[in-house]
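Take a look at the structure set out below.
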């Protein structure tokens, strides 16, 4: 019998180790697996974290575990949380390396990483610093550059409902990067609001088929309600 | 008020013209917009048809309207229908040009065509005739070649449910190429089994958001039940 | 310094008019001020607002107390949605932008040049940045409207001859709506089309780096 | 010519055993004979069969009279599904193959070479062809099992030194199951592991072009 349910967060994420690369779902923290992220703090260091915005890692207690950040949204959020003053300093001092990637290229790199496509050309960021030092090429009169697929050792994602086979459904805008990252990691670990019986998820609306999922852990949705990351400035 | 509903197939497909390129959804005819295809016969000639297999165009009464076929599955089906002996002959005599594309590259070319990505590298078909005369390149020790995005003037697709805004939901394996082709044509025309009120489709399970859809026409599902195209040989 | 002219809400209202005038249906709202916009467009107009976070059919911003934690606009704010709303993953959200399915976008900006160059991903003195979806919008969407304060808090022009900040994309802004004016980017240069109530063309020129072409039909913004 | 050895159903049964022995969960079934396979694997084993037409959780083939016209396997046949089934678009269906998420695949074949080269997209004398998903399977799936008749109807070997037909991919077949035998493709050559009931190793060699290495554990196929 297929059973991907783990009884605790610690068991589900036991093998995240020093030097791991970890993708983390969520958009500005919405739909992020905050409890999985929280548990990662202090367990492993020298991590490469791959997340849309740093809102996805707001539950990280100790930012010194980060070695490298691949993300599309960093600076604007650094002032939001007190702990992040330290992250800002580490970035400024080069202790955390940052690779900034515009969101569309970011998600396409991950999608191709999970789909066996090694590289693609994109027009987004051509003639800006995002295309600097990359191979450029004109397609139909438009400058593009080559972007490479992106994969990770682990993907931490959050789903609304999951079954023991790893089938997942997301809710509203909490979907975002989650289903794409689920495809692109060696081990995909899911924090699910609710575990349902096999057959309860509508087969036409199973956003992530179980084939992409390795481990599922149930976390009461109340615990996922971290404070909103961003105030209008 | 957004209203993409057309009252007849003829009205919905009035501007398919000689020389048009037309994508047609469906996998082996399942999920294909057979009634839209049927109506296309005799209305326009010199067509470039883009379809997974020729099962998608089994409702075409007169194959002489085809100038070019971009497809992943042709030969095995040519013996299935009597009318297709003529297609086989036209292909043999070069009257219909055929560009064969393996399914995975086929769908990725269409997906990129609808996504503003001009080209990508694929390992599928490298060192075979599918990669012949294409730009090859090694990624992580694996031979790949460059595939270009594919778009069309029209996409004819079939959905299970549609609303006046063009939001669509598909059913079971009738989904296949339909949502991808919907993204990649200048005009996307949908044959829907059922028209529902706005708000009836579950927002988390709207497979194709209305932004990709131009016209919707209701066709009783009974009429979509064309004979199965393939017998086990 | 207290900025003159329109508030953010009024700027959003004016941007909403622009969308209605053009008859757009699918409009992206960039992170920041633009996400306030749905409140200022009548729902009967059925403009489907796109959020790069994976939603088509954004409504107005609501109180935090009403918040469904699984739903926000691209700025991370609690919102309502409109009938016909759909949710999708980030891959599809950005395909809608990059693939030019979205007709128009309203974005915030640090600077816009007279040629329509946009700088909105990296603030002054910042080492990293927050490109987010701004480059996807700039590259993929045909009509990009910038909505911005006309000057910095210190009174420095933000509509400039050449961007001093790192650019998002070249020549992508068609329309600029500020607290003081509405301007069109054309091959001739920036055309001053409308001014805020009580503001003169001359006053706008003083805080604008490039020379403005004052439209013969120059009028006051009517909301 | 009447072919000796196992029927297609028995070949599928033997292939099912192979999948169970290896403990696979996610197995693609190529177009043709392989789509018969789910009938011959106990449902309790919970092997989730993948159809490139956009389904994970294929069941057995059913009568046409029971047909739900919106549901088929990759061969276009009416089927049942198993609990936990999901449906998805073709983009995701092929990402599962190309991206190596599917652990194994059972495919039909016209020819397989002793090095594991596969020819299954273009029959002899055909001008066009039907690659379908066969190249995606061949490239993306680690364990590809060919299930095929050992010879052509005319008795010509289909397990050959070098494919005469256009190849799908080089060196991708690990296991060959025919009506006569089970063989493993290894760096040493083709190892004859099992023979069908009443068939000798010598008989298999006669209709096989490359020299077979007869396994010391050679046994009769037990179903």
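For reference, chains read A, B, C and D in written order, and residue numbers begin at 1 within each chain.
Rule of thumb we're sticking to: contacts are C-beta pairs under 8 Å (C-beta built on N, C-alpha and C of every residue); 3 or more make two chains touch, one makes a residue touch a chain.
Keep in mind it's a predicted model, so treat the numbers as computed, not measured.
Colleague: Kindly list the shared contact partners of subunit A and subunit D, in label order.
Modeller: B
Colleague: Where the centre means the average of the CA atoms, what chain is farthest from subunit A?
Modeller: Most remote chain from subunit A, centroid-wise, comes out as D.
Colleague: If you tally the C-beta contacts, which comes out ahead, B-C or B-D?
Modeller: By number of C-beta pairs in contact, B-D is the larger.
Colleague: In whole angstrom, what separates the CA-based centres of subunit C and subunit D?
Modeller: 56
Colleague: When the centre of a chain is set as the mean of its C-alpha atoms, what distance in Å lies between subunit B and subunit C?
Modeller: 37
Colleague: Whole-Å distance, subunit A centre to subunit B centre, using C-alpha means?
Modeller: 33
Colleague: What is the distance in Å between the mean C-alpha positions of subunit B and subunit D?
Modeller: Distance between chain centres: 28 Å.
Colleague: Would you mind listing the residues of subunit B that make contact with two or more other chains?
Modeller: 108, 111, 115-117, 122-124, 170-172, 175, 203-204, 207
Colleague: So which bits of subunit C are touching at least two other chains?
Modeller: 87-88, 94, 97-98, 139-140
Colleague: Select the category (line, ring, star, complete, other) that matches the graph of chains linked by touching.
Modeller: Contact pattern: none of line, ring, star or complete.
Colleague: Just spell out which pairs of chains touch, all of them.
Modeller: Pairs of chains that touch one another: A-B, A-C, A-D, B-C, B-D.
Colleague: Quick check: in the complex, which residue numbers of subunit B touch subunit D?
Modeller: 27-31, 52-53, 55, 72-78, 91-92, 98, 100-105, 107-108, 111, 122-130, 160, 170-180, 207, 224-225, 228-230, 232
Colleague: Within the complex, which stretch of subunit C touches subunit B?
Modeller: 25-26, 44, 46, 48, 50, 56-57, 81, 83-88, 92, 94-102, 139-140
Colleague: Quick check on the complex: what are the subunit B residues that touch subunit A?
Modeller: 108, 112, 115-124, 139-140, 142, 144, 169-172, 175, 202-205, 207
Colleague: For a test of understanding, state which residues of subunit B touch subunit C in their complex under the given definition.
Modeller: 1-2, 111, 114-117, 163, 165, 167, 183, 198-199, 201, 203-204, 206, 209-212
Colleague: So in the complex, the part of subunit C that touches subunit A is made up of which residues?
Modeller: Touching subunit A: residues 32, 51-55, 64, 67-72, 74-78, 87-91, 93-94, 97-98, 121-123, 126-136, 139-140, 166-170 of subunit C.
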